[in-house]
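Both complexes below contain chain A, partnered by chain B and then by chain C.
On to the complex of A and B.
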């Protein structure tokens, strides 16, 4: 492999990793705090994407630049409404119950939302690429890249990681979340309302899931089934990192992104396998995931 | 006058009485309705074909019933979601045949579904029209009595696209492929690449990419292709996958660098709008095009297309025409069988007999079911993308319509063996060319 191929593959790997991190970090956060494997994460991703495309198509004729705030608005709207309703009226009923039950309930929600999605947006692929088309292409070693995928998405991924770290470690709300994660009873004893913390966390995780979808929407076709694919990939990232590991999710996403890109450049047959091959190898060596056991606290 | 009136009354009463007597006999002959169960994708990514197929079926059935049904019997449709897949699909199919006693089934879109349901139809002895699945191997493995493919198979479809490419760009040296990683993506490339090696042995295959079915991102494949610079890129992908690949390739200049061949791209043209350049090669899985050069001026063809557009908001795509072909073949078979039965309602076996070697026509050239293997021989239309007034998407130009009898293996030979016998002479095949609007 020559140097130019290595550079191009690295660039492709990092852009892909950024997207993978953005779609999987919400899953990790919710599991880290609430110990719930949220299968409906895939639906939140899909709804975030569809909502962003809908807003984008509506506002683009006024000004194409309005599609950018549209992405954020879609993520927050979907996260607050669907995330809030889910936590308040469903998940709250099953905290402390068997994990299998929680899994089944979020899976049922996923199936319902998947069907509802078809009713709302239909089955024909939707493509709303205005935010991507607004930014210029850049050329690296004679190969054109979109700056949306190569610069903007990795930038947003880094900002999300840093922002989440700051929020959890350096703000009162973050400290409260950590306290509930660490010891729910003790936190309750000092006056923290864990239900409120769970609601906040779930909404935050839902916003992150929807943000992943919203940011991915200009790059891809939206159609039935997009949520299913993303949930599988997100689980692979989260399991590789160790469930609940936010920084670990970033590292796992980069590993998976780079491995996939190098596979395409060298042995394309292995492309589909790479995320799962890495997951299996990591779990064989460290069943708790890359970052799972080193710390007691899981976020 | 009184006598005449009495005589009229008596004869009228006699007629009514005779009618009352004869109607139960007729009802025994003819069923109240002809039940058709259709498997189609109502969920999942392939619903981009399945839902237009269902819309077409409903529209066609309404039209048939408005005109008095098939041999006077109205058709009644039921649908099974192929998206459920596997066991659910098989058990639903069995249920509608055995419990609901459907007369005919149309199964299926996916070749995987056809592989499961064709042998089952044989066991259940129910007439089954393989209305959209394309894998050549299904009907090569065994001779079936009860299943008929009312359209082409992958061999005809891929051969037409390949010969079109070789006629249009005879001097290309390198090619790469980006296909979905499942049966269709693999089989279509196998046919295309095997034939390519026979027809133009000096071509070098520089890249073979099979991203996951439903992959949301092809950026890395696009980068790799930009670096490899192949003369031609083939893809037989479809639906959202094809839209994403073409748009990502277009955004980064790959569509201008390499000639793209969209093996079954006809279904994506309306969605892709003007985002694709002119000069891409597009296949249509048959001679399916809403501006079909030999059909476009026929009032009934125009009326069908416009009715579908009014109903769904989009012009028909190939699954719509495939559905129309299934219905046309059914009507033709019942007409033929009805005549053979002396005007009476034909039995199921009589209809099956009528299907053998049947020729019928829907919205393209006539299709013939080859009696040896029940495989449809269907003309193939391939063209180049072109901007045209009145359409906000690319239409097809420089269309060639291939006579498929020349580009399919004989029933005595399997596709793989036949492909290896091809010679470059085949490229000289005489094929008519049609301009858009010409």
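On to the complex of A and C.
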């Protein structure tokens, strides 16, 4: 493996890691606060991507630069509408029920959203690469690459990480979310409404996933099944990091992104295998994930 | 046991009647019924694990192991016999279950589910990418096997396979019922209700769960080899996480409280899918999703919960 291929793989890995991070941090956040593994999380990614492409195709004739606010609009719109409806009218009905039932109801939502997605956007691939083509290519150590993928995507991911940290540690709404995560009963006793916290958290997580999809839409062709693949992948990242770990998700995303990218250039058969192999190894050695705190067994 | 026998007997008779009479209405029902029975066998395995309170979101790996054991035999050795295939399915499911089980029984709840998911996705990506051996996403075609040494016409084969599936399903149902009623089965349930107490009694919870896990993996393998023979193909899709989700779905739909729920759930699931995809080709998945939500919200004990409730009401009334 020569240097330029190594650089290419590293750039591939980092841009991919940025996208996976956005999705998995949303998944992790929702689990951390609500203790629900949202199987429909990948559908939000797919809807974000498709909505961004639809908006992009509509506004590109007016001015191609409008596609950028289009990406953001798609993410927020999808996150608020679908995320809000899901939490308010469905998940709220199953809090306190069996864990298996909570998981399964999000699986049912996944089935419905997946079907709806094919009805709305069809099964033909959709391309919406305008935002990618607007930004110039740059050269990194002799390798040409789009600046959208080398600068914009990691930039948004880092901004999200810093923003989330700030939000959770230094704002009142963030402190309220952490309080509910730590001890729901005590939080309720001091007058916090956990239902509102759940709604906020779920919408926030949904926006992050849809944002991942919206930002991914210019880099790939949109096909049915992109959400189905993304949910297990983001799950692998979140589990490797430790569910509920935000900074850990960033590290795990880079780890898995790089491993996958280097596999593509060396042993392409192992590309798909890499994330799950890492997940198995980490979970076997540290079931709480790389950064999760071990849970003391209660008697 | 005495309490359960009538229900099992009734179910057996209803099943027999369905298997004999329904195909007279339409030949397409033969394959459908065989699929119901084969999938029901896999879901029995999910129900066994649910007794211990554990949800495996990766059980499709055993299903795929059984199917691919059959496919590989057909590809590298030649057309075999269905009885041989079933043994292969059971053994491959069981061996894989033992190996994976040794790792996963140390974990509970979400960690158990996640690790199962991870293992199944490893198998899926191997099946998908080891193109040289597995034909990748296209899968491997499975030639029509002989049945107990006799070859059949395609139509005769489908009927005999249906009767065979019924016999195996009945045997599996009976075996699982016996297992759950045995001391080992009661210990399995104790893992859900109070694992610590179980260990205070000097029982190794891990070993109890491992026994249940291997049994459920064997059932998955048998079901997989049956489906491969029925559909005459094995694809990586068999190991994908949506397949695992489907099995858990069927278990909850039918009701995890009783082994019969597996077959009740599989029947409703496959029939809804069959007719919904014929009438509304574009929306069947949405319909199934809606059914699942309705079941979770309105009848969390599943279809079998209705029968159980009436049963109890009849006895107390």
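Rule of thumb we're sticking to: the second predicted complex is superposed on the first by the 283 of 299 C-alpha atoms of A that agree within 3 Å, B and C clash if a C-alpha of one lies under 4 Å from a C-alpha of the other, contacts with A are read in each partner's own complex, and residues count from 1 in each chain.
We adopt the following convention: a contact is a pair of C-beta atoms (placed from the backbone, for glycine too) under 8 Å apart; a residue touches a chain by one contact, two chains touch by 3 or more.
These numbers were taken from a predicted model, which means no experiment stands behind them.
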{"item": "Fit or clash between chain C and chain B when superposed on chain A", "value": "clash"}
{"item": "Touching partner for A:12 - first (chain B), second (chain C), both, neither", "value": "first"}
{"item": "A:98 touches, of chain B and chain C: first, second, both or neither?", "value": "second"}
{"item": "Which superposed partner A:226 touches (first chain B, second chain C, both, neither)", "value": "first"}
{"item": "Which superposed partner A:284 touches (first chain B, second chain C, both, neither)", "value": "second"}
{"item": "Which superposed partner A:271 touches (first chain B, second chain C, both, neither)", "value": "both"}
{"item": "First, second, both or neither for A:85, with chain B first and chain C second", "value": "neither"}
{"item": "Touched partner set for A:260, first chain B, second chain C, both or neither", "value": "first"}
{"item": "Which superposed partner A:129 touches (first chain B, second chain C, both, neither)", "value": "first"}
{"item": "Partner chain(s) touched by A:144 [first = chain B, second = chain C, both, neither]", "value": "first"}
{"item": "Touching both chain C and chain B, counted on chain A across the two superposed complexes", "value": "115, 118, 269, 271-272"}
{"item": "Sites on chain C touched by chain A in the complex", "value": "50, 55, 57, 103, 106-107, 109-111, 113-115, 117-119, 121-122, 125-126, 128-131, 196, 241-242, 245, 248-249, 252, 282-286, 288-290, 292-293, 296-297, 300"}
{"item": "Complex contacts: residues of chain A adjacent to chain C", "value": "37, 39, 90, 93-94, 97-101, 103-105, 107-112, 114-116, 118-119, 228, 231-232, 235-236, 239, 243, 269-273, 276-277, 279-280, 283-284, 287-288, 299"}
{"item": "Chain B-touching residues of chain A, taken from the complex the two chains share", "value": "4-5, 8-9, 11-13, 15-16, 19, 115, 118, 122-125, 127, 129, 132-133, 137, 141-146, 149, 216, 219-226, 229-230, 260-261, 264-265, 268-269, 271-272"}
{"item": "Complex interface listing, chain B residues touching chain A", "value": "43-45, 47-48, 50-51, 181, 207-212, 214-217, 219-221, 223-224, 226-227, 239-241, 243-244, 247-248, 251-253, 271, 314"}
